[in-house]
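There are two complexes below, and they share chain A, which is joined by chain B in the first and by chain C in the second.
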Partner chain A sequence: MTEHAVSHAPAPAGGRLISPVTVVLAALALAAAVVLACRFVYGLGAVTNINDGFPWGIWIVYDVMVGSAFACGGYAIALLVYIFNRGEYHPLVRPALLASLFGYTLAGVSVIFDLGRYWNFWHIFWPGYAQVNSVMFEVAVCISLYILVMWIEFSPAFLDRLGMSGAKKKISKLMFLFIALGVLLPSMHQSSLGSLLVIFGSQIHPLWQAGFLLPLEYLMTAVLLGFAVVVFEATLVSLGFKRAMETALLARLARFIWGLLIAYLLVRVGDLAVRGALVSAFRFTLEAFWFWIEMICFVIPVWLLAAPAGRSNPGVLFAAAVMLMAGGFLLRVNGFLVGYETGAGWHYFPSLPELTVSVGLIAFEILAYIVFVKTLPVLPAQSATPR
Partner chain B sequence: MSETGFDLRHSAAAFPAVENRLGLSRREFMEFCAALAATMGLPASAEAAIATAVEKAKRPSVIWLHFQECTGCTESLLRAEHPTLEKLILDVISLDYHETLMAAAGHQAEAARQSAMKANKGKYVLVVEGAIPTKDNGIYCKVGGHTAIDMLKECAADAAAVIAIGSCASWGGMPSTGPNPTGASSVAEVLGKPVVTIPGCPPNPYNFLATVVHFLTFGKLPAVDQLGRPKFAYSRLVHDNCERRAHFDAGRFAMEFGDVGHRQGYCLYKLGCKGPETYANCPTILFGDAGPGSWPVGCGHPCIGCTEKGVGFAKPVFQLATLKNVVPPASYPRIVEEQGNSSFAAAAALAAIAGAAAGGAAMLARNLGKPSEESKPSAPDKAE
Partner chain C sequence: MDRRDFFKLSLAGGAALAAGSSPAEARETHTISPDALGLLYDATLCIGCKACVSACKEANEMPPEFLPKTEQPYWDQPLDISGKTLTVIKLYQNGTMEKKDEEQNGYAFIKKSCMHCVDPSCVSACPVSAMQKDPLSGIVSYNKDACIGCRYCVAACPFGVPRFTYDLAIPQISKCQLCRHRVKDGKYAACAEVCPTGATLYGKVTDLKQEAARRRALKPGTATIYPRGRLGGPEQNYPGVAAKYVDRLYGEKEFGGTQMVMLSGVPFEKLGYPDLPPRSDAAKSETLQHGLYGGLVMPLAFLGVLTYAARRTVKDEDSHHD
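Showing the complex of A and B:
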């Protein structure tokens, strides 16, 4: 433990902030900002393809549902390090937390873009206005709290830089509380995001209407996605910043992923079989097609990560992580858009401006990540020996 | 509590005089006071104050001048269906000069005006009905040898308050419609100072009466907008309180007189209704005490905007109104709801993004998998 703490004390990565990559990312983010300006001036109808049948589009399903699930890296690693007491993963905490921080903050902000009457957003937090029995209330309050908690968890990284070491000391004393909250809150709302589908009932295709198991499935995939994103992000950071690979650490992490993945697939397929929904997977429909793509994305990593040789190969690890991310992405897109049917005639496909915003948000997230990593102590100080 | 009790006792004691004077039962009288308080948007407690003011034997002297007009304003005051209204009009105020209503004629009438002005100097209320011709020194309207301009200035000099009733007196109204051969002007223009205006063609009698009673009760005229119109009556667009408003919001319009939409009471906007740009309380207080629907739009005719300068008598009746502050926001439901569309470009873009992500990831994974290990940071295609 102490050895890790010493050798992996985080430090700013340094380097130029303006590079071709950051410029391209900034341009994409700017394009999104322009579209959002149009959205706030001319309304949702002017830029999105959402309609009365599909009151949400990719701004909710991708930016919020998938975005917050992708942002579960911090949650998953915190779960591992602090709850299961696996201190060796500690070097992954800060980078993962940073990615989560951006992912969640942007997911939270994205909700406002999608609210028709965004100026009323505070109603959900206001006693008297809030409908305390709704799942949406739980999700909104929980995600907002979690964003706050994460900024506090991450605050040691920038309090130093701001010269507020006194505040840092005080926060550090209470940090155990925020870390506990940081594990509790995502468990609550990631499962509740699944509960949202329960309410839609028969509007959701049987392949994704898992009823009372939905919260469990969404929670399991959120953790899975969290681990996958940690692998994905650690690999890209190593490449991008020309650092040594954390393959040994990630290989051990991959064992957890594998176990959890098996458990998830048992729940998922078992549920489909028990409900008799598996039949509809063998019909020639768009839903069935996307179901199989989703399942393939989950099943191939089982095979990729089964053997220790695969787990210690960074290429295989990366491929498995990307497939898992695709699987989690599809599970949510399928549940909320592809398998969602409100009546005859309604359909939805994202418009170009909607895509621009989603892409721009991702670009902004990566851009901010690069800036933070280069200027704040996030990544472990580079050790000479590649692990 | 005690104050209310006192007021009631006081009113009750004073009432026989009113009863004799107005020939009203107490119930009818209180109903009238309550109606006026409601018209002015005053709280229920004002009712007692109004009752006290009206009961006072001392009625304000009113001099009523007629110029370029049709006497419709006077007619509407007299023809109100409320059984006792005309009595109240004549008894709440002391109408000392009114060319239509007074029995006197010729020099006798002029003498009555002069004596009323002298007796009530600085205390009488001047009501002007009709526009004032100003062209050629105002020779197009003369009463008893005096031009309208002279009469108005003479009467206004010692008046406690000046009220312009009807659209003509308010801004020139119908006589001022182009080419305006007589140079018809408003009271305010001729006097060179703002006055209270009760525009309308004709205006609702309650708006006039409420203004006068406000003066009686509180000793001052009610708050007015920038055009001199009492805010209690003219602060909302006709459109805002229109009973057909829901049809407007839902996009259901009568397209021509007698069509299906017209017969079903749809919005008259497309027939030229000026409700969206006209400020008046017609839809809330209606006309003639005849119950629901008794106002132009309620009867199926578009509002012509008679209370609004630049709209009434200026815009053609069937011309589409300008939507003043209610251009339907984008958040309003559309008439035909799109059920979703998708463009080829968006599909292509999404496919390109997915393809680039998959390809990039695959290439990255392949490079990473090579045995040379962590030596090749050769991935300029994705993210970093």
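Showing the complex of A and C:
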């Protein structure tokens, strides 16, 4: 049945929009909006725990850095389908792209919440202000362009609805260009998110200060996370919308994940060994503890996905995906928060309002995903569902 | 070209883009301007009176700060530099605190304010040119009208100098700008102007370094004279005694040098000043960025490969649908 289903073109999943799940999600999003209102009236310090020793909290490290990496599903699948010409993964493209679209748009918007002088944000794109030597400049420009490119890539899904078939035709003709940009831009900024750490120098613990290898490590984990998120979402969507799992396809995808994961671990551990940083992993420190948790999250999936039996078991696949997401999360949180020290006496742990905003953003994202999937042609149509 | 070749080509492009381990041209650490202005802080002359802290507040129109939960919010009590305080004098203490400027059982004062790096991380980090280094004076300035408040400068500075006003709805970065706004009135850095002992001395960095070299060459305990205020100013002859220093002029080599240079009797690590390599982090970061994105050569080449591959795939798909 699955084989049959995947050959169908995308179609709206249908169903009621108001349900206990969507109501809870909306409530969480609303709570975040209240906190954000306070932030804009009373300043960042009124709701967050960030300080001069930890000027970046979870609104940057989670919402933007981890959030955008979790939103790399569209990028990873586009890389596979369009660049490596693996057409069999095509049914994964639209759902993955939609999740990326929301993930990135929200990551981009959430930057505004964290910018102290947000009304000046356009300076980044303005000649005379733009400072091209800054890693932050590259990240900001590429993320903004990518969000734009993704909306164009996704536009065929809604242009028909808006009665703009002419525009759809024109965009479809140039789609190959947007697809290429949709692979180039995340390659650039996901690697640059790692490069941001270079200028922090010895303020970053040796376990995470990989210097010129930082962009490679962040890029490899972004692609890994992209694939992991695709597996994660495909599993949840098939459970939530009571649809057949595309297990055969995901099992093949898991082979790619496995190979890339091995390559990443070689780079990561090789770099630590060459720099002599590995010794600090064997000291009784908080940093060493979190380093091992991070490594465990990457190493267990190597074992889980090694055999074909594991790869074609939806439960094992899902477990591996979740561990990889945790590993990618920890690499970033460890690099930017746990492993960051600018001087003695500084502490940071997110405040409740700060967490409320991050949770609310995720809730809003899932809510929007549900609404889109139910009303727009995203998921492959299934024989059981009338078209 | 078949699928396999595409795979290889794209992989090569991607690897080249990502790795950048052999950047075409390294960005050298910047060198100091011959007209650079700065401060010489001599910890052995500092008596901890904090006149500089007070004068700095006044000259820069900054609000007072109070200790948390203090019952005496009557005078300025900053413990560290912050969004409201651009310079402080900190106290080092050890054991019985008997002797000044001794590491063991001693105490010492140390100034904290912007070092005005020769190759500042904050300037390299800032995405909107709000942090700038004057090509002549070398003063690292901040323009709040350009700033977006991203705080990459706060995170990047190895000295923890740029600070941020988290408590304000309209916040900004705060950092010492060497009183550049007072120059037009013929004045100079307020901290140096009021320092009663000449512990904080203003001048051209080349002259300040000469003065530091003179002090270091003296035999500890012998009589000598110290200038006060600014080098070459009216007050150049305060009698004093030569001090015993650790063998280091802090700021001479760190990150290619800083324009505030310091002498001390206590090792600088103990005073909260990090050991930094001669190559600046800004140079490393920009070497990487230029290697990957210089002239947009690599991104455009990669885009070419991607466009070619994507176009072929899309064509294949179209022909399937027909």
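In this text, the second predicted complex is superposed on the first by the 376 of 387 C-alpha atoms of A that agree within 3 Å, B and C clash if a C-alpha of one lies under 4 Å from a C-alpha of the other, contacts with A are read in each partner's own complex, and residues count from 1 in each chain.
By our rule, a contact is a pair of C-beta atoms (placed from the backbone, for glycine too) under 8 Å apart; a residue touches a chain by one contact, two chains touch by 3 or more.
These figures come from a predicted structure and were not determined experimentally.
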item: Clash-or-fit label for the pair chain B, chain C on chain A; value: clash
item: Contacts of A:I370 with chain B and chain C, given as first, second, both or neither; value: first
item: Touched partner set for A:N51, first chain B, second chain C, both or neither; value: both
item: First, second, both or neither for A:F212, with chain B first and chain C second; value: second
item: Partner contacting more residues of chain A (chain B vs chain C); value: C
item: Touching partner for A:T285 - first (chain B), second (chain C), both, neither; value: neither
item: Which of chain B and chain C A:V322 touches, first, second, both or neither; value: first
item: Which superposed partner A:S351 touches (first chain B, second chain C, both, neither); value: first
item: Which of chain B and chain C A:N85 touches, first, second, both or neither; value: second
item: Partner chain(s) touched by A:S144 [first = chain B, second = chain C, both, neither]; value: neither
item: Partner chain(s) touched by A:F121 [first = chain B, second = chain C, both, neither]; value: second
item: Location of chain C clashes with chain B - one stretch out of 58-66, 184-192, 202-210 or 238-246; value: 58-66
item: Contact residues of chain A, present in both the chain B and the chain C interface; value: 42-46, 51-53, 116-117
item: Chain A to chain B touching residues, read off their complex; value: 21, 42-46, 49, 51-54, 116-117, 235-242, 244-245, 247, 313-319, 322, 345-352, 354-355, 359, 366, 370, 386
item: Contact footprint of chain A on chain C as seen in their complex; value: 3, 6-7, 10, 14, 17-21, 23, 82-83, 121, 124-129, 144-152, 154-158, 160, 163-172, 272, 274, 276, 281-282, 284-286, 288-290, 292-293, 299, 302-303, 306-307, 309-317
item: In the complex with chain A, residue positions of chain B that touch it; value: 329-331, 333-334, 337-343, 345-347, 349-350, 353, 361-362, 364-370, 373-374, 377, 379, 382-384
item: List of chain A residues in touch with chain C within their complex; value: 40-46, 48, 50-53, 55-56, 81-85, 87, 90, 114-118, 120-121, 123-124, 128-131, 133-138, 140, 175-177, 179-181, 183-184, 187-188, 191, 195-196, 198-203, 211-213, 215-216, 219-220, 340, 342-344
